[in-house]
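Got a structure for you, written out below as structure tokens; questions coming shortly.
Each chain carries a letter (A, B, C and D) given by its place in the written order, and its residues are counted from 1.
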Amino acid sequence: MKRLRGVNLAQIPIAYVDIRFFVHATENPKKVVEAVRRLLPANHIDEIIFERSNLKGHYGNPITVFEIRIKKREIVKAVVETLSSGLGELDKKALLREIGSHVEKGSLYVRLDKQAALQGEFKLCSADPVRVRIRFKKKKLEDIIKNCRELGLVCVLQCFTQVFAFPL
Amino acid sequence: MKRLRGVNLAQIPIAYVDIRFFVHATENPKKVVEAVRRLLPANHIDEIIFERSNLKGHYGNPITVFEIRIKKREIVKAVVETLSSGLGELDKKALLREIGSHVEKGSLYVRLDKQAALQGEFKLCSADPVRVRIRFKKKKLEDIIKNCRELGLVCVLQCFTQVFAFPL
Amino acid sequence: MKRLRGVNLAQIPIAYVDIRFFVHATENPKKVVEAVRRLLPANHIDEIIFERSNLKGHYGNPITVFEIRIKKREIVKAVVETLSSGLGELDKKALLREIGSHVEKGSLYVRLDKQAALQGEFKLCSADPVRVRIRFKKKKLEDIIKNCRELGLVCVLQCFTQVFAFPL
Amino acid sequence: MKRLRGVNLAQIPIAYVDIRFFVHATENPKKVVEAVRRLLPANHIDEIIFERSNLKGHYGNPITVFEIRIKKREIVKAVVETLSSGLGELDKKALLREIGSHVEKGSLYVRLDKQAALQGEFKLCSADPVRVRIRFKKKKLEDIIKNCRELGLVCVLQCFTQVFAFPL
């Protein structure tokens, strides 16, 4: 948590944070919401009310969509702190290495594993995620990378020890 | 269902059928079992008791594994009939086209979408499936393909109108 | 070579064999033809005359296409023998395991590495291959697999020791 | 070409440029070198002498490796100008979108299609490329992106109109 302690709220380079996730027909909505709450500051939990809507999946299967836009500076800061202190170094390296697939039009998309979140762990995943969208004030990729480093969302050190080789 | 009506039980070229699926921590086990029951004959439902065991996922998340081996001829026949009449032509084409990744050591592996199953629809999927393993008596790939055609599990007609082109 | 020695020419279950390959602008056509000749019987080399035509690649780059249809039984038999004795066990396993992507409408497509062929080695590849199409008389996948086994083009033994695991 | 006209040579944020490519056994080395020369300034062509070495490919096939490190400021500038004016907007978007797979330890790797280069066109490719490595003086990803934008190597405008959707 320490990384952002000194950050003045007004200075946070983020416009808002969206959180969005699905609850599938075989799931227990309470359990999924419980998982997502691990990201959210306990002292604001009553203010954070997800909007619900209904979708049909590929096979006509019902899906409940939960979503919220968080603009309140303290909550935005708390969510980013939780992510920053909760994501592991490998995931922060992966975010930086594949930054092009995580950033779109001024937003960083972090997709978190639902099952891990329910255990209080924040891990990147691709299938059926809790999707956190962090909308930055500046939109250029290089500015977003700089912001992400300062916020501790991607690795801070020179971390390009890529696994794959460059045969040519 | 008609396809197998005339098949003598003793002639079914199948040794047994295994059904196996996971229940994740955000899921409601009753809902998942309800989904799987759509595959099973209603008149035998009391005999079909899944064994449960516990796994830990990648992130220490608890997973309950449900599994059963079905050897009783009538139930085997009923499950195969349900699959045969429930799988769509596109899925049957896909099974035949990618038969090499669905058959291993004498068994056909059919992975069904949980959410679709809960709607009474049987659709192939890859992530978090209800896995049905059909163990054949003969083990050669060409024999299994022949059996699958006769049982209506893969497409019967000449169905190789592949989507992808062969540039060379 | 011994595998097909006893096969009566009239019995070969193959209608014809097509060979097709590209020569790119940076290539030396003589070298590429030399590579392809490793597949062909020396005593018939004068009869085997490739048709040439010209293509434009994605970037307007010139490509010369070489192709031939071989119907003469002795040459068909010789090419199949060369493939059968030249392909390694790993490639024969791969062909069987991924048979669905190698067979289309009654033909087996074997794509050989050009550079390996020039060394007298026959290895499966995917990019810029020498493409051999073997058109069988019977068109059902199970019949083609049976024929391929008998001709020694795919592995003969029970060879499904797949590398990938089936987690579910 | 105009983009870099005003850039003071001393200011170029690049330490050196490496060019590296393979000549395969079916290729004509002269043709491949001719393709690579399209990248190089005609007035310095006599100074640019590739080192050659020999590799064995997977199948024992001989490969000749050609490589050179260019440190002379004028030649570095000329190569970067040629790339900057020759790469299309789609490729520059792709470079930025997938920047994480093109940058490693302070270097941008641009892989160019050999056949296109021989036509005087510069197109990204993945298989059998002419590999250009641009080693920057600063090593942070955000600095390299900034440099690449200024040099016209990646798209300059807000160009993240990604094709793929974000379903969640």
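The rule is simple: contacts are C-beta pairs under 8 Å (C-beta built on N, C-alpha and C of every residue); 3 or more make two chains touch, one makes a residue touch a chain.
These numbers come from a predicted model, not from an experiment.
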Rotating subunit A so that its CA atoms sit on those of subunit D: what angle is that, to a multiple of 5 degrees?
180
What chain is the most remote from subunit C, judged by the mean position of CA atoms in each chain?
A
Per the C-alpha means, the centres of subunit B and subunit C lie apart by a whole-Å value of 34
Quick one: which residues in subunit B touch 2 or more of the other chains?
128
Take each protein chain as a node, join two nodes whenever their chains touch, and name the resulting shape: line, ring, star, complete or other.
ring
Which of the chains are touching one another, listed as pairs?
A-B, A-D, B-C, C-D
Looking at the complex, which residues from subunit B come into contact with subunit A?
24-28, 31-32, 35, 57-61, 113-116, 118-119, 121, 123, 127-128
What part of subunit D is in contact with subunit A in the complex they form?
20-22, 96-101, 103-105, 109, 111, 128-129, 131, 139-143, 145-146, 149, 158, 160-162, 166, 168
